[in-house]
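Naming follows writing order (A, B, C and D), and every chain is counted from residue 1.
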């Protein structure tokens, strides 16, 4: 079976997904929609697809699934439309910045029975997936402490910051999902601290650029997240899980792993510059997982699901509340 | 000048300090006191010292300084006695488990003008000291985030736990001192979570064995501490400091750094088994620093001082309060 | 300009090259030939190409270049045929196992002016290429000593061994090319020792499975190659170059770089299993380089060229002679 | 039992051994002899020893063993004298630069039954010793290939070079001993190449500064040694042993193992500056092993013995002959 795709949004991440679809023998990119028709056209041409409107894709009989890469504030509406239209949906995170809107959207999805997968790409990074696999195989016994270090190479433009929902909903949300992916239990408490250390403009926009978060589960498992919008040495993405029988960790990745030694010491090159290169395999694996889900007989359940998207957003909201109140915020 | 030492307490850590004194060309071990006379005698014989009572050491004219390695509940009294007796004092941490008692003790020390150094040995570890030196030299710009991972290989006996003052005053206190050593600003807020994941007996004794702490300074610098009373792979002691221009980290240490590769992968041996081997250089450097302080002309100020001992204890108390109340606790 | 390819040989390495062509926006796979028609058909179908005979490809007007992945003993003949037919040629190493035959073949290529690139894929590995780049940029000053460790995970079948020309022409030849790529001067002397330590059947077939080689250039630069047909921990591929100002090295690669720590120590997974996974990027970059050469105006000179193929074979022959005679063999 | 030592030679390495004796509870430094009386006096004072002449030490009843750290050309004579005087002997390598002289000296030692240990300190390095232990425990199966990389931070003064016996007898001799220590079989063939790449003055003095050596044992096991009198990044000392079941390696050591990351990459400090710091533990362990041998009842056999000293020298001579003749030289 070949899964026939419509792609909504031909921007940076849209191109990444188009390439993943194009390289997958079980998938075909049929149509691309974008407000900028040239962007849609260029991308469509590259993969032998057509340019179509969103309406046309909604009604198309030759399209099984859509990939939503449009601006965040359109996600929930599009999910609802395409769920009702009977299409399977892969949507970039977040579903929406507002928990209520997400819940309403997921209720619609539930009613339609549509397959919905949310783009927490890091679950599909080969190294992080191998960490989870090691846990599942019992290599470290019971999970006790999860440590996630996640630092962007630099702060985004203030315009982006203003629309982003803030560091917890925009950046930490990936780490919340990763913590949930690894803890093996749902967090019940969130404590967070955040500051402006990198760029005062971020602070003027009402956001933070440096944050530390502790999550605790019912049985007392703990996750610590360290975030910064700065990392002079590249995109810093590490996870470590400590358990009753041992520890498993995924180290940072770099494009080339050479080492030069001289009087100044031994130097390895900086890390990947950002997510587009660091997670190139993760994006391909993610779409492959979505396609594999589509290929299943019977009830198809995508993972990470809309509920995973909601859960991470709830943690982000709790973190922000914790910063504002100086209290541990209960969730779940 | 040779510094002439009296050693109070001939137990495990007393022996470590005796060796450091014995190996230092500017110091001499003159007398050893211990409730177990045989322990005192064996240790004294090894270094050509005499067995004396604490009283005799207090009154001795041939002793310049004492090293206090007796049980914690005797520390404050002994500091006060020897400060009044005009001796310089090196005291193992903590001064006392009670902040009020520590303050009273330090007031006495202040009045006498005695030199008092507190045994936060990790500041003298060559690797951690090199981290601090890199910061001081500007290698990473302004400090923003400090991450400390500190895991003991196993939980101590419950009897020890009961007398220890709890995980924050007994174990995390070293990490609080390290955070202060590296942050470059005093913490003003402490948030902590703690659980019993390793040993239920620890919980029955009213303590925790797994803890996560966030410290925040006035300007928003953050330190995260991760503690566990369990690490199957050895004594886990890592620090990392992230700044505006870069990052500096000290990795774990192991007795031998070989690697064996076979079908199961590439394996390096476990870490040092515990502090006695991991910090052997730190203990020697610590006493050397105390001796160097003694050798200075003019007003001698030891570092870490009694005030450093107090400051770490205040953070420990705040952490415990944060766990109990679910709130960030203000300090300073 | 799109380079239109014919692929000769649809086996394991043929598939790798077909994928590289398929993924390259400046190339198109037009035809596939293979003695096993089904193999050719399956591969052609995957990339929208046709099945054709070698004769048909030779005469085709819609084919600019061929990729030769047929058995070694057909390489020289095919190179000559396609050079005369005016096609650009990418040929898997070696051109032939006999130096005389190679020289005759290259003379024909020279006469026709055909572009010929030989498949020393490792030059295009991102890590090894970065080593060369560091040298070219002066990071280590003048090259003095090159160290190449190259160990296969296991010995090939004896049938393969018998046709292979022996370890030096089959396996070490890649290392000879890498040494030439890195030394910056041609070797003038070859000393080699070889033994049978892995598999006695290899010895019965007249070959060796373990070899050490020293190459020396005119100015005294040295390269050491260590080869084994065994490596229980995966495909061991390391290079290190030591120079007047420093050293640069490329470490081994593994599919996932996680680490599991427990009482047995810290374990990272084995390396890539063999060249098909280890050099996947190298194969893609190699074909891309060939295509880029084709896209150039004016005289197109491929690198590594037929002369590079010859030079490595000459070193292989010298190594074998050195083993047999116990003498350093002069070359060049 | 306390072993009472006389130390012959109070230079750099003499001081290292004095410290090792001083720190060993089972040993006592009784006397120091040196042509420079002040050097002897200073060192003696530091360890509560006396200054004596070599004659006096030879005749002393209160001395059980001597440590010979005098210039190389006195070693053989002194060994013979003290063997006849009934003292146990620890002698720095080499016994002599001339194989015949060494054989004559060892014959004398044999006749007297004296204990003679030769200072191949690297066998006692904790990391290299752990490599050997892993082999002995079967961790890598049968040894197949040994790789030794040994590079000095810089070339010694030409005056030293002239007296040194050349790179093979002075520097590589340690690697020959290490190869013998690890191969598990005696080498039967030596092939070597050497050049002058670092310092032309070395060449004018008739020596080389860069060398590559292949040793082969009877069953075909191979050892490769790479030597340079230059390493801008510190004292480069690595060993790797590849076997039928796996590989074991000891990596380089550095004084502090921190890492600084910034836009230029991740940098660890240079290695130890030279053998006095790199092998500080090895020197202490070496003397401890000698003392432990002395403490044994019955026939005491030191390891590495005089025969080990001879065997390494024979390999050095063979290497030089191989360079001169361009042939593999048979030994053993």
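The rule is simple: a residue touches a chain if its C-beta (ideal position, glycine included) is under 8 Å from a C-beta of that chain, and two chains touch if they have at least 3 such contacts.
Worth saying up front: this structure is predicted, and the values here are computed from it rather than measured.
S.K.: Would you mind checking which chain's C-alpha centre is most distant from the centre of chain A?
M.R.: Measuring from the centre of chain A, the most distant chain centre belongs to D.
S.K.: Could you see whether A-D or A-C has the larger number of C-beta contact pairs?
M.R.: A-C
S.K.: Would you kindly tell me how far, in whole Å, the mean C-alpha position of chain D lies from that of chain A?
M.R.: That gives a centre separation of 57 Å.
S.K.: Based only on mean CA positions, could you tell me how far chain A sits from chain C in angstrom?
M.R.: Chain centres of chain A and chain C, defined by C-alpha means, are spaced 39 Å apart.
S.K.: Going through chain D residue by residue, note those that touch at least 2 other chains and give them in order.
M.R.: 232-233, 245-247, 261-263, 269
S.K.: Which residues of chain D touch chain A in their complex?
M.R.: Against chain A, chain D makes touches at 232-233, 261-270.
S.K.: Could you please specify the touching residues of chain D with respect to chain C in the complex?
M.R.: Answer in residue numbers: 142, 144-145, 147, 149, 151, 189, 191, 193, 195-198, 210-212, 214, 216, 219-222, 224, 226, 228, 230-233, 236, 242, 244-247, 326-328.
S.K.: With touch defined as at the start, can you tell me which chain C residues reach chain A in the complex?
M.R.: Listed in rising order, the residues of chain C that touch chain A are 23, 25, 46, 126-127, 130-131, 134, 139-140, 245-251, 253, 255-263, 269.
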